[in-house]
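These are the structures in question, set out in turn.
Here come two complexes built around chain A, the first alongside chain B, the second alongside chain C.
Presenting the complex of A and B:
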């Protein structure tokens, strides 16, 4: 038997380790990225102030955690996003159901929805700043607005993708119109609703950071823009890294488990 | 099925269905004139070439489509929409993918407001009937096509409908499974005696299952053939049976001439 090459044994060890600790699989791909970053920073090609290395960012992370600014800003951003998403879902799912279920509502509302969807989040900021000023009103509006459309459009799509036969089956088993909506249409549309939520959260998160930069008095977006004013590239980089990590956490701790428990479990989505 | 000794007939009188085809720009006649009487506890197969209106007729009995003229009555009550008195088994199974097998079967009783424990007991009883007790907690997508349609049949039966409407229910399962399902259906029918209207394009299937085979052609009843074959029926007994063969040949002639 031929000896197994060392790199293959290494690979096999990696596969086994990541199977035991899945979190490891998310970290390992970043190792070469961080190493490259450190090498470029250490090489002195760019002035250190413009291009700090990983160690400076970690130190800055420690400092901002210690003085409480990062936790506070992080909380502000996450709470804004969560509240905006909750309102966006509370409005978006019923509108999506209506548009998906009623042909008349679809004819009336669809062009309007597409029109306003095109006026992206940031495009609203100038007029919102005049209406609501630099405050929570503007920020909330932008997030709700951004989250709303993907949820409405995907919910309507999901409602319309529920096979006619499932409506009929439920009705001939004695379900009333309202029961059909609750027992058939909503669960049938759920995989699409989750897709809408995923898109909405992604757009909403970006819109929030942009809004915080322009409107903000706190939050990760504000942290980054404030750091720019102070000329602190370290803190800007830290903000960017926090954004990426936070999204990864939302995806793997919130969205992916919902998807596994619904569409994938029921065989409605092929992975 | 049902309670008491009330006769729960299915009566179809001068049924017609025309609809406007916007692409062709003309009226299309799907059903010209159908009159049919199905006695309680009877098993009627409906066969005919494609386009003869058999599925349209079933959809109208189920209440999914309104009649253009004529009337359908179940137990004396005119049909005006879908309802639990007419159970439907679909070709595509139409199981709820987000419900377990048990909860699919318990769906009808749930809509009637039967409490959870009782409706689960009902569902288990019917799953037992179809030899599906072991699959109660699985999801439909984890089952084979044949198993899924067994669930489809008992889900309709568990709601104790006056009439069971079956629309080519075994058309999308493989040939071996289909024979097994047909034998199981005759067994369940003998045990429970539901009133069944069974739509199919398969002549042998129609004769094997039914007490009567109705042949449709161009939207009307072409023939109504009684099937006096003894029960219980199995393919093993009937495949070489002269009576079965001559009846099948007779119905096939009618369908092909239609």
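Presenting the complex of A and C:
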């Protein structure tokens, strides 16, 4: 019998461990990347100033955590994104319902919605700066604008995917229009609304970073751009890593569970 | 008859946009809006004609489109083969999925600061930002596409005597194509925004630069002109090129997944 090679045994151990703790599978793949990063940085192929190693980034993480800059900026970014998303949803879902339910509203608004979505959040920055100056108004407008359109478009799609028979069945059982919307249309559109929220957050997130870089006075985007001005690659890399981890957390702890829950609970309607 | 219908649909689509133009003019006149806050249609048209005549508009559009074309092309050429190769083995694909997800989240705008440090302000940095916006999203979607191909199809092709290369070209590539095209569409969406943002920060030619410089002089008519052009260009790229491409590939090859 041939001996099992060591790497295969290692691999099967990895598979067993990740089956027991799925969180491990999300962390371990980064180990070789970090090691490679450290080796390349140590080897001095690139000038150290342009390509610092992981240790320097961790050290600067410690420093910025200690003097409170990083937590404060992180809070600013997250609050902005959360507030913008909340407003975007509060506006977007009703508009989406309207566009999805009324044929006339659909004909009238659909081309306009597509056009304004195409202009894209970032292209609004210059004129927003004229309107609101460098501040919170500009930032909030950009995020609301970005989050709004994916939610409106997807809500409308979801509403239109609810079969007509379900409307009629509810109506013939005596439901009023409001109840049909509340108990048939909205749950039926929910999986699409969540998809819209996910897309909107994906774009809103990037818009926030861009806005913080261009107009910012605080936030992770500002941290990175300020570091760029000072020529500090370490802090730029730190900012990128924080952004990536933050999104990872939002995505897998907030969005994915909602998506799974709505898909399981209400997804059947669309079929 | 069908042609007639399509014409009618096109008219029905553009009619609300004309309504918007009329509303714009009426509101600007009725409330006597300051030109520095929002321009009327006249000055915007005039700015358009002027910038076409002195050639600046064409130069800006050309620069933006050249950057996005080059970055996207390099991104796709590298990402598709890599995505397929990584997707072939289930072990490798489960291992690299978290990595690709992490980097596709960062793709685009978040790279602007470091790209401008590495490549300096200008063409290199912007193309790099577009390249990585497209690259990671496309690679991730390609990987998803390949892993969604049923094993039976690959075994069937292999047992019919297909070599590695043939399986690659005739099973894996077509099977992953719908996902690849969806990835390209998403990636380009991020890249387009990244392009505008990068041009505002890091260059002296391009649509984003045109907008941002106009801001310094409070020339709202140029800003609005630029916004309309950016909107129309993206509508043309997305609705006239990418959406039909996506629909066609899903119709033609999407079946593979249901097999």
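Observations, loosely collected:
By definition in this document, the second predicted complex is superposed on the first by the 254 of 271 C-alpha atoms of A that agree within 3 Å, B and C clash if a C-alpha of one lies under 4 Å from a C-alpha of the other, contacts with A are read in each partner's own complex, and residues count from 1 in each chain.
Everything that follows uses one rule, which is that a residue touches a chain if its C-beta (ideal position, glycine included) is under 8 Å from a C-beta of that chain, and two chains touch if they have at least 3 such contacts.
Note that the coordinates shown come from a computational prediction; the quantities given were computed from them, not determined experimentally.
By the touch criterion stated above, A:249 is placed in contact with neither chain B nor chain C. In the superposed three-chain model, the partner touching more residues of chain A is C, compared with the other of chain B and chain C. With both structures placed on the common chain, the touch criterion links A:262 to chain B but leaves chain C unconnected.
Contacts of A:169 after superposition on the shared chain: chain B is touched, whereas chain C is not. After overlaying the two complexes on the shared chain, residue contacts for A:13 are found with neither chain B nor chain C. In the superposition on chain A, A:122 makes contact with chain C only, while chain B stays out of contact range.
Looking at the shared chain after the overlay, A:187 reaches chain B, while chain C stays out of its contact range. Considering their complex, residues 12-17, 19-20, 36-38, 91, 94-99, 101-103, 105-106, 108-114, 116-118, 189-190, 192-194, 196-197, 200-201, 208, 211-212, 214-215, 218, 220, 223-224, 226-228, 230-232, 234-235, 238-239 of chain C touch chain A. Taken in their complex, chain A has these residues touching chain B: 163, 165-166, 168-176, 179, 183-184, 187-188, 190, 262, 265-268.
Per the touch definition, chain B reaches chain A in the complex via residues 62-64, 81-84, 86-88, 90, 92, 94-98, 107-108, 111-112, 139-142, 155-156, 159.
Taken in their complex, chain A has these residues touching chain C: 11, 15, 25-27, 29-30, 33, 50, 107-112, 114-116, 118-127, 129-131, 203, 206-207, 209-210, 213-214, 224-225, 227-228, 231, 233, 236-237, 239-240, 243-244, 247-248, 251.
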